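Shared between the two complexes below is chain A, which has chain B as its partner in the first and chain C in the second.
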Partner chain A sequence: MSETTAQTEIRSPTDPESPPFLQIRNITKRFGAFVAVDNVSLDIHQGELFCLLGGSGSGKSTLLRMLSGFETPSSGQILIAGKDQAGVPPYKRDTNMMFQSYALFPHMTVEKNIAYGLKREGVPRAEIATRVTDMLSLVKLNGFAARKPNQLSGGQRQRVALARSLIKRPKLLLLDEPLGALDKKLREETQFELIKIQETLGVTFVVVTHDQEEAMTLSTRMGVMADGKLVQVGAPHEIYEYPRSRFVAEFIGSVNIFEGRIEQDGEDHAVIGSPDAGMGIYLSHGITGTLGQEVAVAVRPEKIRIGKSPMEDLPNTTQGTVDEVAYMGNLSVFHVRLETGKIISVSQSNLVRSPEDAITWGDRVTLGWDGAASVVVPS
Partner chain B sequence: MTPPPLLAQGLQGFLNGARRIGLTGRGLVIAIPLVWLIVFFLIPFLVVGKLSLSEAAIALPPYSPLMEWIDGVLSIHLNFNNFLFLADDSLYLNAYVESAKIAAVSTFFTLLIAYPMAYMIARAPDHRRHLLLMLVVLPFWTSFLLRVYAWIGFLKGNGVINTLLIWLGITQEPLRMLQTDFAVYIGIVYTYLPFMILPLYATLVKLDKDYLEASADLGARPAMTFLTVTLPLSLPGVIAGCMLVFIPAVGEYVIPALLGGPDTLMIGRVLWNEFFANRDWPVASAVAIVMLVVLLVPIMVLRRAQAAEEGATP
Partner chain C sequence: MTPSSLFLRITAWLGFLFLYAPIASLVIFSFNESKLVTVWGGFSTKWYGALFRDPQILAAGWISLKIGFFSATIAVVIGTLAAYVLSRFSRFRGRTWLSGAIAAPLVMPDVIIGLSLLLLFVAMEHLFGWPQGRGILTIVIAHATFGAAYVAVVAQSRLVGMDLSLEEAAEDLGAHPVRVFFDITLPVIAPALVSGWLLAFTLSLDDLVIASFVTGPGASTLPMVIFSKVRLGVSPDVNALATLVIGIVSIGILVAASNLHRAARDKEDAAPSHRTNEDMS
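== the complex of A and B ==
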């Protein structure tokens, strides 16, 4: 792997040259007339932690359930390690699933729950015992073996469910909202544990989540789903910085959108005339599109500079009045009303505890951003 | 809907009365079933208990009093001979054993038939499920006696089943089915089936589909999933259903009387004979008391086990 990719991607155990471990080809799932998953194609490589991100009802779980064999695709093909999975029942697949509800067997102890998969395989009893013990220490549950699920906290149950789904050493682990039932603080801690376990075992993870921060934190690559379609696939920073549609731009993080028309489109720059912004927005790169075409320009709040003095070094500047200030601790978010009436949100790190020239309500301010700060998406 | 004024007044009066003797809300809720049990269970039980300790007599009522007050002497006669007599005559022991056997076998077959039915109803789509449940309780709309009589029509020598068998050429002679233990089994299984289906259904319908999928996902075939997940999780329903069938089946009188033969020996019939044929009320009462005690033992053991189970998993 080259130096440059190692720099941009922090975790990248993937060898893009090898054939994909999981191949999803034109998968569609219909429930009656309703299309839950719409012509999805996706390749996932060995060792990836892939997140499927999407709103509620976007078809994430349905896609996952087709991978584990609980739903049959209406059309399309799923290959795991090159083998077509059509007609293979769940109990014969090399995948394991961690359920959103955890689905821990209430009548079995933690130990029995974790051992369940190995017992079905007919693994010798002594080996089961050592593997269960190992798994218990991996998920830090030593000493809980004899408890029943209803004697555990939410976080402990989550870890039992994870242990149970990992005990058979699946090549592919499917996790449906694995942290959904945990409170915020526990969820953030568990995210890092999950990553550590995934890296330790080298198992390919496909994680379903509706939480974009979680997807960003967890994944080596992610796919955004909407209305059953996979709308964009890429590394978290690609999806954040280069959303390919207005939907993705707005779904991931917050963003300012300016409607406009392409006025200039050169080799190394472009200008979008935007009545919204009351100016021509300058971009330091060429775009695809015809002159006059309607497009939208997306600018993230943290990429906009806010200040009281003019910003001659920036190609895009405009003025407005501060409508609202939200103090969030690590940063402040300003809502600035432009002369056109458009409200722009700008965030700024709070570098100093109480700056003397702090921007407050009603201040006249200048906003500015760089030519590389914005992206153009189809309107 | 407003209750008619008379009923409302009566209820109000009752509530006022209850309050006067120190009963309100919660207390009343507990008191009502308690009063019910005292009036309809405890008092009759004590009456029967008292009867079982008296002596048979040719009189009206046909037993001697327990206590006598003669010339300033209070004499209490506790006659345990009735119980000793039960132990003496093997007829009674046989009847108990036979009843328990018939009830146990019937319970087993009821369970065998009810489980798949309950399972299917619980897994059926919503709209169909309500219809199926309706069908399960539909027989209750006609008299139990009538339904047992209907079985006579099916089972007798020239009944529906025999006619069909002969017409199909499976047998030449009509099979003797009526007045056999076989007919009694059929009657009990048929009659008590809903009592088994309903508690089974209640536990199976609550069974989360995720458990079954988790089991399959971990490599269990459907049959294995049934044995390791479905069956253990539906055990409370199995136990409740078996109790609801076994207990009344032991004391069943009507079914063996109508469908059974002369050699079908069940404790209900013995009881009937003692009361009405022999007019030996004290022995009949002793039979009833022993039956109650015999049935109480398994119930207590079971409750103890359930309590222990719940205690272990709070």
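== the complex of A and C ==
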């Protein structure tokens, strides 16, 4: 596609000065008494690849269906390019959607499926033909034009669905679990293809997924949904490194949680007394909260060092016994039981093939982490 | 072979014999040379020849085919619309009433349907002057009403099994809902509609009771002619005629059934796909 080649640096942070392309304002959707989407507000800028991440039933699809016009919000407002979408039916919206089930028309060939949107738009036949051919090569399906959907593999169907939803050059593409039906390996390959296509076309993507790794890989920014609420929005590393709630910390990646109370809170440090950890956890930064307040400290497994010798350089150290070792190839995960009975999971990269002093089941070990390794979240 | 499976086989064969022996004997005797129905006088197709020279039978056959064709076609249109409304608009006033009304002709005795339609036609003629008298038109209307019930049942099962996101996808790509119906919904349920049409056609060809109620002078269908001939005694040409009707009806039912079977096999394309991620969280 020629007009899009100019755009190169789309994945860099978007210009916060420009008005958001998609504005979701206090959107709520009720089904009877059940609140499926609860007062969600969200701004998405042109060219973003935004992921909505949440467990099954958290309201992701419902939010997406309100953007495409298939559900009417119970309250709130949706603006696309500044235009209020209230009362605009799906067939008049400038959005396109890729469906979870792909929804390929079974009685049409691949070519007819992809061309359908242009036909309805009244595009001249010659132009349809060239645009469909372009699209087929973009999704690497040349030679499959004459096939029917039931003659395609899962991965090929997925690409037809993507091509069909992109053919009208929508400003906003909504994708509901676009890779959900693919097997793990194919899914990982396709993730990068999806990013590449999004970058070449410069279309704004809103992707719904329940897979946190997928959300991390794909998105420029993501939003975590739970029970219809948008609990945190941010870049993948922000969500991972600075979760603002215990839910987000636990939902994204694995984490060790220590319950405790704020014991000291200074300008440049804080201490959380944790009976769980059997010690005061030292943080190299101040926190917001009152002394004595109950909080939780979240430490990621890869941020904890494990070893057999003492670690004087680290402010937080504790001892335990190795309960379990899981070898995962690139890294090993240790479950270490502290004296308090708390089990901590620690991961370590396997830098050496067969280290001589390898830590194994039953070993007494020291665990340690830095003052900046942990995050304090409301309990 | 164990005794019990032998027993099962014998019962099955007896069952088939019970069902099909009368039909088989009818078919065999339609090729009988002799005029006597009970005596085999050698193979002959002369009764078929006689059939095609009998103007009364030819006229009745033509009428029956016309009635079958038009009533089945009308039944498909009405039945499809009813099924679409019932399966796509979940809540509207009179929904229960409509679904009940659609299913009623399936269980209502033919005599009641025939009688009530006759009374309706008489009343309508009295009030609006239409339909004038009774004949082919009234039979077509009568057959269309109960044919529509069968079409609606067949079409509805296909519509309910269809993935709704197919229709949404078309609308999302810019097609007005009316357009979606013709571009997507109709082609997807088409196999069911073909089956429905054949079913309605066959039922119309087969019907004696309802047609007898609502017919008028000059509109005798094939079943009526057969029935009146038989009352004067069974003659071999009736056997030949019945054999032809059986042939047409069996072909119709076979095509409808294999069509539905094929549709069921293709259905996985149009039905919601099984998601692999439903078991998480």
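By our rule, the second predicted complex is superposed on the first by the 368 of 379 C-alpha atoms of A that agree within 3 Å, B and C clash if a C-alpha of one lies under 4 Å from a C-alpha of the other, contacts with A are read in each partner's own complex, and residues count from 1 in each chain.
Just so we're on the same page, contacts are C-beta pairs under 8 Å (C-beta built on N, C-alpha and C of every residue); 3 or more make two chains touch, one makes a residue touch a chain.
Everything numeric in this text was worked out from a predicted model, so none of it was measured.
Model built by superposing both complexes on chain A: chain B and chain C clash.
Shared-chain residue A:Gln151: touches chain B; no touch with chain C.
Of the two partner chains, neither chain B nor chain C is touched by A:Lys29.
Using the contact criterion defined above for the overlaid structures, shared-chain residue A:Arg159 touches neither chain B nor chain C, since it reaches no partner. Contacts of A:Ala181 after superposition: chain C is touched, whereas chain B is not reached.
In the superposed three-chain model, the partner touching more residues of chain A is C, compared with the other of chain B and chain C. In the superposed pair of complexes, A:Gly55 makes contact with chain C only, with no contact to chain B. Applying the stated contact rule after C-alpha superposition, one finds that A:Arg300 touches neither chain B nor chain C. With both structures placed on the common chain, the touch criterion links A:His210 to chain C but leaves chain B unconnected. Chain A uses residues 68, 70, 89-92, 95-97, 99, 101, 103-107, 116-117, 120-121, 150, 164-165, 168 to touch chain B in one structure and chain C in the other.
Residues 163, 165-166, 168-177, 179, 183-184, 187-188, 190, 266, 268-270, 272-273, 275-278, 280-281 of chain C are the ones that touch chain A when the two sit in their complex. Within the complex formed with chain B, the chain A residues making contact are 68, 70, 89-92, 95-97, 99, 101, 103-107, 116-117, 120-121, 148, 150-151, 164-165, 168.
Across the complex, chain B meets chain A through its residues 208, 210-211, 213-221, 224, 228-229, 232-233, 313-314.
Listed in rising order, the residues of chain A touching chain C in the complex are 55-57, 68, 70, 89-93, 95-97, 99-107, 116-117, 120-121, 149-150, 164-165, 168, 177, 180-181, 210-211.
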